[in-house]
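See the structures that follow.
Note that chain A is present in both complexes that follow, paired respectively with chain B and with chain C.
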Partner chain A sequence: MELYKKYFGIHFRSAMQYKVSFLLTTIGQFLVSFNIFLGIYFLFARFSSVKGYTYQEVMLCFAVNIMAYSLAEMFARGFDTFPSMINNGEFDRILVRPKGILLQILCSKIEFTRIGRMIQAIVMFTYGVKTSGVPWSVDKIITVCFMLIGGTALYSALFLLYAAVSFFTIEGIEVMNIVTDGAREYGKYPFDTYGKAVLKIVTYVVPFALFQYYPFLYLLGRNTNKVLIILPLASAFFYLPCYLFFQIGLKHYKSTGS
Partner chain B sequence: MIEVEHISKIFRVSRRNSGFKEAAKALFHREYEELKALDDISFTIADGEMVGYIGPNGAGKSSTIKILSGILYPDSGTCFVNGRIPWKERKAHVKDIGVVFGQRSQLWWDVPVIDSFELIKDIYDIPLTTYRNNLEELIALLNLSQIIKTPTRQLSLGQRMRCEIAASLLHEPKILFLDEPTIGLDAISKLAVRDFIRKRNETHKTTVILTTHDMQDIEALSKRIILIGKGRLLMDGTLDDLKSVKAEDSIDEVIASMYRKYDIA
Partner chain C sequence: MKKYVSFFRMRFSTGLQYRQAAIAGMSTQFVWGAMEILLFKAFYEADPSAFPMEFSALTSYIWLQQAFLALYMMWFLEREIFDSITGGGIAYELCRPLDLYSMWFARNIANRMSKAVLRCIPILLLATCLPKPYGMQPPRSLITFILFLFSMGLALLVTVAFSMILYLLCFYTISPLGIRMVAFSLVEFFSGAVIPLPFLPDGIRQVCELLPFASMQNVAFRIYSGDLSGIRGYGAISLQLFWVVALILSGKLLLKNALNKVVVQGG
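Moving on, here comes the complex of A and B:
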């Protein structure tokens, strides 16, 4: 943790070396997600509800999802840029340093510009919290926190999977973007909006629904099962297979060196 | 102490002819060619030795360095560095070694060099007093006092290389691997780097393994030379052994004639 702080300092100072670039990228990030927000806004300007969810409720759901995504992108960005680390040999440097490999990859990049997306998410979140009509009690606040933790963990795990794939192929990793970017886009509406088949996939295959859909029902009071409060944490278990896959990839790398 | 015993490494290189049709075919069926990067290599290097590891491009020099530093596994054979198998005890092993890749930087690009040093101190858990002493010594010997407050990206290649070498010695490794440390440097920087490496070897008894194509590096630095080509060990001897092949020529020509003799050019 101490080491992470040090890396954090280095990245922060590096980012501040290019202030204009930092500012523009941050604003860009803000505008991109603002666009998505506009999309939802205009949709609801015509239809008052989608699958029984009101505009404000969707805002809340979207905000939590996008917050988790930008947190993961900010702190687990190193996994996302991992293919280039393999290409330019930086990964060899990581292997000759006496600290954990995953920790070093995590530390290799911290993307401060994602603050832009984060701010956008916080604005929507505040709006959603105030207007969605959810009676905020301690258990619901805890649920939201768990949703954020579970979501960040799941997206980070996906980035890790992405990194693991790049041990084997450099060209094929675009496929992975379908899962990560796709989930970010589709995650703006509660997952049952897309029908039963999709809901099954995001429950059992890549467990997005565990942090987004089911606890969200609890927030809205449509399902009062207390298990739903801690369910988001279960989505963090997805990290396990991703980690194993990364280890297999690492072994492959060490035997081929490319 | 480095003991390398019968190490072999085979890479599979995918091959295809040019053209769209061939590219499409390669999607489904790839043809591999097996390339022996290392073929039954054995040698022993004692503590405090300085060894020039030479051979033409693609001879297997980098692969050997990668195996010795724990980045790669060999397919067969084994090696011990200070009694450890590098790829099995990675963390303990890498604390004992320093690696300089001449073509790549280990410093953080946008921050002053001293910030990189501070971070390396934490990565290697170097005690504060040790760090201060080492830093002071390295700054004095490599003449870094003017440049450590400059961001890495603004350094000249010669300045950067001096900082790279300092960075890999902060934790006082017993063994230093230098992969083409003088590549692209001007005359003054080259001399400074060579001079420093020699002194380091003398005063700290640091074992140095140096790969290079610059024969003056070899002449200036290492008494012992290991020559490899096409993955095989061709010669393990002294500079004089090498020179005795053809006494009257320059060392570059001697090496070139060795390459021709073994048909590895």
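Moving on, here comes the complex of A and C:
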């Protein structure tokens, strides 16, 4: 943990060296997700509700999802660049150091420009919290926190899986992005909007719905089952198979030699 | 003209080499299209009367959009051109007995077309096989189809002419990244890539339809599905023609201005 803080400081200072570039990338990140927001806004200007969700409720859902994604992207970005690390032999250096492998990969890159997306998420989150009409009792606040934790963990796990695949393929597999980018992009609406088939996939195959849809129902008071409060944490279990896969990959690892 | 055609062919065959990327791209586009349609279906069920176009017109629009993504997405720009402007490689380009604008223009069209050719056919085929409300519909008549193809061509010209302006702005600013990012988001929204333009509220929509961005993918795809037909269709195509000419002219002007004062540092 001490080490992570050190790395955090290093990355922060190095990002601050290029202030203009940092600012521009941040603005870019902001604009990209701002378009998604505009899309939602104008659709709701025409339709008052979708599947019984109001504009404010969708905003809350969108904000939680995108916040979890940007947190994961900020901290687990190292996994994203992992394929190139294997490619250029950088990974061999990590193996000889006497510290945890995952920790070092995580530390290799911390992306602060994702703050642009984060700012957007925070603004919309505040808006959603205020206007969605959810009575904010202790259990609901805990639910939201768990949703964020579960979401961040799930997205990070997917990044880890992405990294693990590259042990076998040396290159990053673009197809993996369907899952992560897709969930970021389409997780803006509660998953039942897309129909039963999609809901089943995101419940049983890649458990996005566990942190996004089911606890969201509890927040809105449509389902009062208390289990839903801790359900988001269950999506963190997706981390286990990903971690195992990473370990298997590690055993198979042969250096590319470059 | 022959020179530019050979530039086109060179770039086209390079583009065809990336088959792996094409497969990844296609599967992504297919999933995206399906999700998009499911989403709009939910909105349709919520209030069919507020839906500004026929549902089948919308599905055709979305599948065409996914199939021809590479033709019209602004961010498919060529890095090499930016690098040659900022890195000084432009000196070599200027030595060639060619018109720089036409050469880059041909390259860009080739690049986009080679990407699109690989991807569009499987997506369109799959989309046609889907059951009724979700799949691609055949065009209404031969004339519609011909107009659609013509409008597609114009849309590609508008898109490339606009991206030429983005390249050329590099001559004028030290950090083109900011401009590029703002331009990307503007184009993405106003060309109807986020939500189709008919979904915008009245007032805003009419203004948007006059902008050059609406002449990109919006017109062609809506002609195909019959959403724009008759006199409105022809009007939209004339507007496209206008923007092609206007954007190419302003691009050439920008280039001429820039070349008058360009200084390539040695080294």
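Basically, the second predicted complex is superposed on the first by the 250 of 258 C-alpha atoms of A that agree within 3 Å, B and C clash if a C-alpha of one lies under 4 Å from a C-alpha of the other, contacts with A are read in each partner's own complex, and residues count from 1 in each chain.
Note that in this section contacts are C-beta pairs under 8 Å (C-beta built on N, C-alpha and C of every residue); 3 or more make two chains touch, one makes a residue touch a chain.
Nothing here was measured: the structure is a model prediction, and the numbers come from that model.
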- In the overlay, answer first, second, both or neither for which of chain B and chain C A:255 touches. first
- Query: Touching A:90 in the superposition: chain B (first), chain C (second), both, neither?
  - Reply: first
- In the superposed arrangement, which partner chain does A:2 touch: chain B (first), chain C (second), both, or neither? first
- Applying the touch criterion given at the start, work out whether A:244 contacts chain B, chain C, both or neither, answering first, second, both or neither. neither
- Message: So in the superposed three-chain picture, is A:35 touching just chain B, just chain C, both, or none of them (first/second/both/neither)?
- Response: second
- Item | Touch count on chain A, higher of chain B and chain C | C
- Given the touch rule stated above, what does A:24 touch, chain B (first), chain C (second), both, or neither? second
- Message: So in the superposed three-chain picture, is A:14 touching just chain B, just chain C, both, or none of them (first/second/both/neither)?
- Response: first
- Task: Have a look at where A:227 lands relative to chain B and chain C in the superposition and call it first, second, both or neither.
- Result: neither
- Message: Just to be sure I read the superposition right, which of the two partners does A:141 touch: chain B = first, chain C = second, or both, or neither?
- Response: neither
- Note on the structure: chain A residues contacting chain B in one complex and chain C in the other none
- Item | chain A partner contacts - residues on chain B that touch it in the complex | 11-12, 63, 66, 69-73, 75, 87, 90-92, 94-95, 97, 99, 101, 104, 106, 108-111, 115-116, 118-119, 122-125, 151
- Message: With touch defined as at the start, can you tell me which chain C residues reach chain A in the complex?
- Response: 21, 23-25, 27-28, 31-32, 35, 38-39, 41-43, 46-47, 50, 52, 175, 177-178, 181-182, 184-185, 188-189, 194-195, 199-201
- Touch list for chain A against partner chain B, complex: 2-3, 6-7, 10, 13-14, 17-18, 88-90, 92-93, 95-99, 254-258
- Item | In the complex, chain A residues that touch chain C | 20-21, 24-25, 27-28, 31-32, 34-36, 38-39, 42-43, 45-51, 173-175, 177-178, 181-182, 185-186, 189, 193-195, 198
